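Quick heads-up: structures coming right below.
Common to both upcoming complexes is chain A, partnered first by chain B, then by chain C.
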Partner chain A sequence: MTKPEDYRSGDPIAWCPGCGNFGILNAWKKALSQLDLKPEQILMVSGIGQAAKLPHYLRCNTFNGLHGRALPAATGAKIANHELVVIAEGGDGDGYAEGGNHFIHAMRRNVDLSYFVHNNQIYGLTKGQASPTSDICMVTGTTPEGNPFSPERPLALAVASNCSFVARGYVGEMDLLKDLMVEAIKNESFSLLEILQPCVSFNKSNTYDWYKDRVYKLEAGSYDPFSQTAAFQKALEWGDRIPIGVLYRSHRKAYEEFAGLKGTEPLFRRVRKTEDLKGLADEFF
Partner chain B sequence: MEKWQCQVCGYVYDEEKGDPDSGVQPKTKFGDLPALWVCPQCGAAKDQFRKLENAKTNGKEA
Partner chain C sequence: MCDVTIRIGGEAGQGMKVISGLLGKTFLRSGLYVFSHQDAMSRIRGGHNFSQIRLSGSPVRGPSSQVDILICLDRMTLDLYKDEIQGVIIYDREHVGQGAPDGEKYLPIPLEKIAEEKGRDARMANSVASGAAVAVLGLSLDPLLGLLDETFAPKGEKVVKANKECALAGYMSAGENYRGNKLCPDISGKNGPKRMLISGSEAMALGALASNIRFYSGYPMSPATSIMEYLAAKSKAYGLIVEQAEDEISAINMAIGASFSGARTMVSTSGGGLALMVEGISLVGMTETPLVIVDCQRPAPATGLPTRTEQGDLLFVAHCAHGEFPRAIFAPSTADEAFYLINKAFDLAEKFQIPVFILGDQHLNDSSWTEEAFDLTKTRRERQGLVSEKDLQALSPYTYKRYALTESGVSPRILPGTPGQVLYADSDEHTEEGHITESAEVRRGMVDKRLKKIPGLLKEIAPPRIYPDAAAAWYTVSWGSSFGAVEEAVRLLREKGMNLGYIHFSEVYPLGPEAIPRKISEKADLIAVENNATGQFARLLRMETGLWIDRKVLKFDGRPFSAQELVSQIKKQIGG
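Presenting the complex of A and B:
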């Protein structure tokens, strides 16, 4: 049985004191321990940003690539080795702005990945510019007179895209967050888990107190996550009340099932000799 | 046994429970926590904690 400390890496943590990322990292260690996954069974892929540093602080396989490009790299890795548990991790800027196009198509392709987006409604690494999820009128370094743009609603986009698992956690509710991480990884298709995370240095609007007054848990008995209409309404709810929990689930076949990958030898392990390819090469030349 | 609350994020350190995920055993006094121990929820340092005088914290049970 693995323990949370088995996933501790030796890298010094370079987040500001007070950052919600600390809680996310600790929830991660608990979730991986509960799933009893060995570090070598996991691949964490990230792009650029404060959230994208997280894989450095976990002991497992990691790939840290280009800004907004975690999902295509994660998709490729999963296809090459479907035995790995593959997780893409990043922030709201990385995932919903630079990587917005990949986000939409990853949900459409439905490869068995988990995508964890730390949403702090600001670009933290570059010290406080408005992001796609910054609230309207929010004052930031790039919007000194208030953000004129309406925020994206990524969970509504995910529900509309019939994403197979759509959930939202909050770092101030760490036990629920850990449970959602476990559920997202167990789901055998593309899973989106958005994690609300205060940025104490650059977002002075959406603070721990701000969230504490607003987040509420969706209760399993009274809320049916298989209703797309209900989920869409919940996904649009923001402001005075913000739902956390599993918003939406759908029964969709993962890409791996369509492609017949399950139970087969992973691509990276298959040995092909040059003479095996001769017939194919002859067709072209 | 005392309870100490992080003034940044609201996390409560309960001496009774300790912080096993960070290697701190149950019944460890707040004052005996390692110097480099930080809030497991937000990474704030020990000096950001205040002792709770009763079991209620921010309207929630501690």
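Presenting the complex of A and C:
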């Protein structure tokens, strides 16, 4: 069995004191040790933002790429080596704004990836501008008169896209968050886990206190995540009450199965010999 | 030696490409050299398009502007070219009605009537016209009949038989009515070595397969789509994944991810798609992930002329992406070079962990070229730039440094999944371990490390083709797909006694300080020949070497050079 400490990296952490990301990092280490994965079996792909720094603070393979482009890079990396456990990680700006198109198509493509989005409803790294999930009327550096837009509802988008696993966690509920991470990684299709996380420096509205009064857990006995209609309602619920837990599940055949990759030699290890190419050019003579 | 050009014109959708494919292979199998290209409007049906095939007893690598046989599948083709073309004009009187032109150069053949009679399908007019062209050339009909067998076999015996009857009827009709000299009588029945007729795109795709490509991601864009479709068609049999991305940004990031995992990877697109990929190219530069990027150029800016040709992206590709990092650019001159240079691109991308660009264009990619069989034993597939097994054993657990500072600037890679080690790759400036840093010292070290690869890279770049070696008073300076026209024009002018040579670049970047040998640049006068409006290679050459070429022959109307027009343009420059 691996232990949470086995995933500690030597890189000094550059987050603000009190940042919700610390809780997420702790949940990560617990989830990975529960899954008993060796560091080299894991690949974390991230974009740019405070959330996207997280892989540096874990001992695991890391590709910290471009803002908004974690999902395409993760997709290519997983297809080339489907033996890796691949997780894409980033924030709401990274994933829902800059990477919005990739998010939609990653759900359609359904590669066996887990996508963890830290949603703090604000841009942290660039010091406090509106994000696609900022609440209406929120005053930020780029919306001094108040944010005029209704926030995006990414989980509703995911349910509509028939994403095979849609969940929401909250850093204030550590055990549930760890369990959701484990479930997302175990799911053999594309999984979305949104993690609600207060930004203590730039979001003075959606604070720990604000969340404490609103989040509630979806209970396994009374809520059926396989109903798309029920899930859609839950995914749109925001404001006075905010559901956390597994909102939606569906049985979908993963990309790896369609592409015939499952159970075969990973692409990166395959070698084409000269004799394999014989006859390839015959049609041109 | 015959040197004949056939133009087949009609509306989009009438099958000009089918005929040119059939005839091209017929001539190839008759022992001739063939070059064929398409002149197509950007539409699916209607408009006016033509395919043009040039056949010769000696190698041809470019189009001729002198058309010897015009095949008109519609009236517009006849109207457009009947006055300018001196050769034989094959047309269908039915298309014209009253007042059909008559005279020595006209060869009316009831293409559609024969097709309806013999095949009960007007589309078989293509086979009738092909048979007629074979008769005018004086070639044997057998290779064409053999090809019809192969081509239509999947559609059943009836279709094969009908097409063959149509070809025979066209052949007979032309034979009876054509009174001129046979245009290619000396070749018929001669069996040369077996050669290929292959497009630049097909050659690039074959080169990628021969380089052990395992992942390709792209977004459809003319003229690059044919590479993607060819690879997709072969993906199951050859064990690779071809993924159609939601946009070019996704395509290049997927490719970078796959390359990071260790699969050999390529993307191809045209200028507009490459513009979207640019940030990803910078990521390749920073993360030092090997990648082959094909830009099939077409006239721009913006959407430009989507189905036509230009060499307008060279300076863009030489400089695209923010920041300073090494890259290489190859611009194949022929399909043969496209095959081998793609392979070299895969090899160097991995060896130096850099982006390597292939600059094609619509002319190279869509034209069909006669080439000797590719020699697979000359292609390389060995892994480059990985940590050796021995060095890996010597590493303590989890201490691998992805960006270790080395003499050559190349840090040997491990791939994710390597037991007992992990790697961190980062788009931020990073430490040797791959973690984010702001240190001025580390920054200097890392910039130096990346740029240190350039001297090693320069050693791998082949010099230009120079002909003749060092005696001419004038040299053209060209690059990429214009080679065929340049080579032929120089030959024609030398035959007229002009003391002219060519310097042609296929490996265009990086350029050494003496990219053009001093013994030539100091004595001879140079003329840049480029398929663009500003002489981009000449400008790159000045930037990298200080050499200035002020005489230029430039063409930027979306069409490729022909040897004849180059002859007159070069003469103007020289004042001859």
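Quick note on the criterion: the second predicted complex is superposed on the first by the 276 of 285 C-alpha atoms of A that agree within 3 Å, B and C clash if a C-alpha of one lies under 4 Å from a C-alpha of the other, contacts with A are read in each partner's own complex, and residues count from 1 in each chain.
Methods note: a residue touches a chain if its C-beta (ideal position, glycine included) is under 8 Å from a C-beta of that chain, and two chains touch if they have at least 3 such contacts.
The structure presented is a predicted model; accordingly, all values stated were derived computationally and were not measured.
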*Classify the contacts of A:172 with the two partner chains as first (chain B alone), second (chain C alone), both, or neither.*
first
*Check the residue A:11 against both partner chains and state whether it touches chain B (first), chain C (second), both, or neither.*
second
*After lining up the shared chain so the two structures overlap, which partner does A:245 touch, if you call chain B first and chain C second: first, second, both or neither?*
neither
*Would you sort A:64 into first (chain B), second (chain C), both or neither based on which partner it touches?*
second
*asked:* So in the superposed three-chain picture, is A:79 touching just chain B, just chain C, both, or none of them (first/second/both/neither)?
replied: second
_Quick check on the superposed pair: does A:198 touch chain B, chain C, both, or neither? Answer first, second, both or neither._
first
*Could you look at A:280 and tell me whether it touches chain B, chain C, both or neither (first, second, both, neither)?*
second
_Touched chain A residues, chain B compared with chain C_ = C
*Check chain A for residues that touch chain B in one structure and chain C in the other, and list them.*
none
_Taking the touch rule as given, give the residues of chain A at its contact with chain B in the complex, in rising order._
4-5, 13, 15-23, 26, 29-30, 171-172, 174, 198, 200, 208, 212
_Give the list of chain C residues in touch with chain A in this complex._
28, 194-198, 202, 206, 209-210, 212, 214-215, 217, 234, 236, 238-241, 243, 245-247, 249-251, 253-263, 265, 279-280, 283, 287, 373-374, 376-377, 379, 381, 398, 415-428, 433-436
*Spell out the residues on chain A that touch chain C in their complex, using ranges where they run on.*
9-11, 14, 38-41, 43, 45, 48, 53, 55-56, 59-66, 69, 71-81, 83-84, 101-102, 104-105, 259-261, 266-272, 274, 276-278, 280-281, 284-285
*So in the complex, which bits of chain B are touching chain A?*
8-10, 21-23, 38-45, 48, 58
